[in-house]
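You will see chain A twice below: alongside chain B first, and alongside chain C after that.
And now, the complex of A and B:
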């Protein structure tokens, strides 16, 4: 409850700041539209020749793209504005102030600010998912939508944990902002269903970098193709990832010696 | 203000920047690694090409081996034509470092050119490592394109860097008017990713889209140098021809150079040193 109140304050101030830069929001919107158009173009390059990526139909593959767009929007709304600042906090020594606040430091670092320019992208991704699933199935069963929403949330948690752990390594290495760039670049693999990759990469994107859980699993759930064990695995992976991120942060803080000390 | 730096100045500038970049080589290795997009796309294209071959359908203009060669060359071409001047310039302008640069008897952009070239030299071993790693995993994709093609390819990558640098400098120059010019770079980045050939070889584009893409500078930033290096056939029925490609690159350079000069001069007149 207290956290919710704090959150309202956080985001209220963040919104007030962001409204100072309206032109930026417009540029973000244009870039988002361009990005989506480009992704559609790439998919169309395959499907106009009758090549089905990993056996997914046109509508099916659009559901995956929708899930990707949604998570990408989440990245620009919450993950990037917050987690990419951890490096700066470590570098400038302002992490001291965060640790002294009477609120959980992981909570503060992860949700301090919000960039509303990413919200339309999240919305658009969700709409694309629902629209494409309806095109594929003819209708939208409520159970599938609920399962997909749950798994998309699990995907968001996994994405957050990955990003947070990587950002938390800055306690040791100080300069890790381009490590998150590598992660971001590798995660673009989520634009396509996991079965569109050769066997080796498929394994890599499931076990090492869980791209499969991020976009393919929620898309399969929405299309009613997901088995219960697979769904459960995804939720378990998310819970595990969150626990690991929490434990990792506590571990990393033991090595934090503050700047210039 | 002199336009070209004298050789001694150029050497010193480069040496200083190289010492600086070598200090940050771990970071540069990560930057090199963040260019994995062509490899991801190779995964998708090769699986699709294999699937299409299995069902007897026509492959996508290139065989799986050719695709592998193309995408690794696209990776290399991008590594050596990647440009980040807009962020550096924006920071320098906001922090007020630009003012002393402007007083020096050398165009400030040369400093950034030297920084880019030095960073590319630092990148070279990592790029070679990643590319050889790829060929170890995909030995069938390897083929020596011949010395002529390699020379032309290297020249094309250099020209691609020049065009990309001029393009981004145009946006960087907008820092004289607005505080956040780097946001505008995102608008340049989107067509760059999708039209340059980074995500798909231009052979796979439908004819109309291909013609449209070739009217922009983007295919010459990645696609053309990569296809030269990969030894992809060029000429009739192909998106690029050797002479036509180089002519287009020179044309873009001749177009962008005066445009930048004009914008820079107009910007300088507007400049009111940040914080002064």
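And now, the complex of A and C:
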């Protein structure tokens, strides 16, 4: 209850801050639209030539792109604005203020602000997913939509945990900002179905950087092609990733509180 | 009842021992060498509820480290520590709700928004009901003489107004123990005085315990009947300012104006001769012999005027800060 009220205040002030910079929001919106148009263009070029990516149909591959767009929107809305500030907190010493508040510090650092400019992208991604799935299947079974929503949520948790752990390493290295940009670049691999990649990369994107769980798995769920064990694995990976991120933060703080001066 | 209790407090950091330059960096990568730095060594003190205590020391003496230990931001390497009935480094909710930390060179207010927004965030974070928060904001604003500034973006406030708003944000949850690290840093004289007045007023009204560090001696002399002076990680002095000045300068300067000039040899019998210009004489006399020496001077020499000067505490501490030395001035 208290956390909900805190969140309302957090996001209320974040929105108020952003209203001070309206032009920024417009530019971000345009950049997003350009990005999506670019991706669509590439896919369209492939499929016009009759090239199929990893055995996925035109509509199928658009579902994957929709899932990617949705997560990219989440990145702009919550992950980037919050997690890229951790390094500033460490640099400026304002992390001390956060640590002295009677609120879970990971909660504070992960949800302190919100960038509404990313929300249209999330919506657009969801619409693209649903529209393309309908084009593929001819209908939208409620079960598949529910499963896809759950797995997309799991995907968001995995993405968050990865990003958070990377951002938390700034306690040691301070300049981690670049590392999170590398992560973001690597994750753009999720634009296309995992089976479109060579075997080695496929393995890497499943086991090391779980890109497969981010977009391909939710897309397969929406298209009714996902097996129950695969869905379960995705949810388990998400739970594990979240637990690891919490444990890692506790470890990082132990280091911070014993080593910083 | 002691609100703050430290016994044998120690903090040791491990720092990388690295030679400068690329070669040093490469060598450090292969063969890491570490050195321990003892930032705080065996410091013991206790502060009662409602006390206002000044925390002094040259840069790098271990002041900030001690403040961080007291607020639970860092773990002690040794010793026992209790603040407001809690062990700080556990950072339990009840502990965090009973303390506050104000840092003069860092700010928690949201830069682009009016202070009122930051205050509302803090009210939610500390679980203060809305109506109660409004009441407290009005009360603090009244004490700090803040009005329409609360609805102006923080970036448009003067440094003094911003500091006052920072204090509001730090005190909204009515902490019992205040840790203030250079709360008047960079403020002009008037703003400094206002912050000082407020802190004294706040302490009187709420009975809160205050521990403050400052480079401005005026803060310390105006607010703190008791000072802790820390030097090279050790507690050098715990007590009043007057006793501190006694310890730092066990001598006094005596200025004389004589009716007729006297030779240096004759004057040196009374104390160390610091200056001699015609009839103007400056002598340095150990404090314990001061009264006896002054009566002898008056009785035996043609004295027209005599002034005994006590070196101002600002100057003493200033010297300590500059030289980093706490040895009594050699004479």
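Side notes on the structure shown:
Methods note: the second predicted complex is superposed on the first by the 257 of 261 C-alpha atoms of A that agree within 3 Å, B and C clash if a C-alpha of one lies under 4 Å from a C-alpha of the other, contacts with A are read in each partner's own complex, and residues count from 1 in each chain.
Throughout what follows, contacts are C-beta pairs under 8 Å (C-beta built on N, C-alpha and C of every residue); 3 or more make two chains touch, one makes a residue touch a chain.
All values derive from a computational prediction rather than experimental measurement.
In the superposed pair of complexes, A:2 makes contact with chain C only, with no contact to chain B.
Looking at the shared chain after the overlay, A:38 reaches chain B, while chain C stays out of its contact range.
More residues of chain A lie in touch with B than with the remaining chain of the pair chain B and chain C. Contacts of A:58 after superposition on the shared chain: neither chain B nor chain C is touched. In the superposition on chain A, contact of A:179 is made with chain B only, not with chain C. By the touch criterion defined above, A:131 lies against neither chain B nor chain C after alignment on the C-alpha atoms of chain A. Contacts of A:97 after superposition: chain C is touched, whereas chain B is not reached. When the shared chain is aligned, no partner comes close enough to touch A:47: not chain B, not chain C. Of the two partner chains, chain B is the only one that A:192 touches; chain C does not reach it.
Shared contact residues on chain A (touching chain B in one structure, chain C in the other): none found.
The touching residues of chain A, counted against chain B in their complex, run 21, 23-24, 27-28, 30-31, 34-35, 38, 41-42, 45-46, 48-54, 175, 178-179, 181-182, 184-186, 188-189, 192, 196-198, 201. Remark: chain C residues 13-14, 39, 64-65, 68, 71-75, 89, 91, 93, 96-97, 99-101, 103, 106-108, 110, 112-113, 117-118, 120-121, 123-127, 153 touch chain A in the complex. Taken together, the chain A residues at the contact with chain C in this complex read 2, 5-6, 8-10, 12-13, 16-17, 20, 92-94, 96-97, 99-103, 257-261. Looking at the complex, you find that chain B touches chain A at residues 24, 27, 30-31, 33-37, 40, 43-44, 46-48, 50-52, 57-58, 60, 178, 180, 183-184, 186-187, 189-191, 193-194, 199-200, 204-206, 209.
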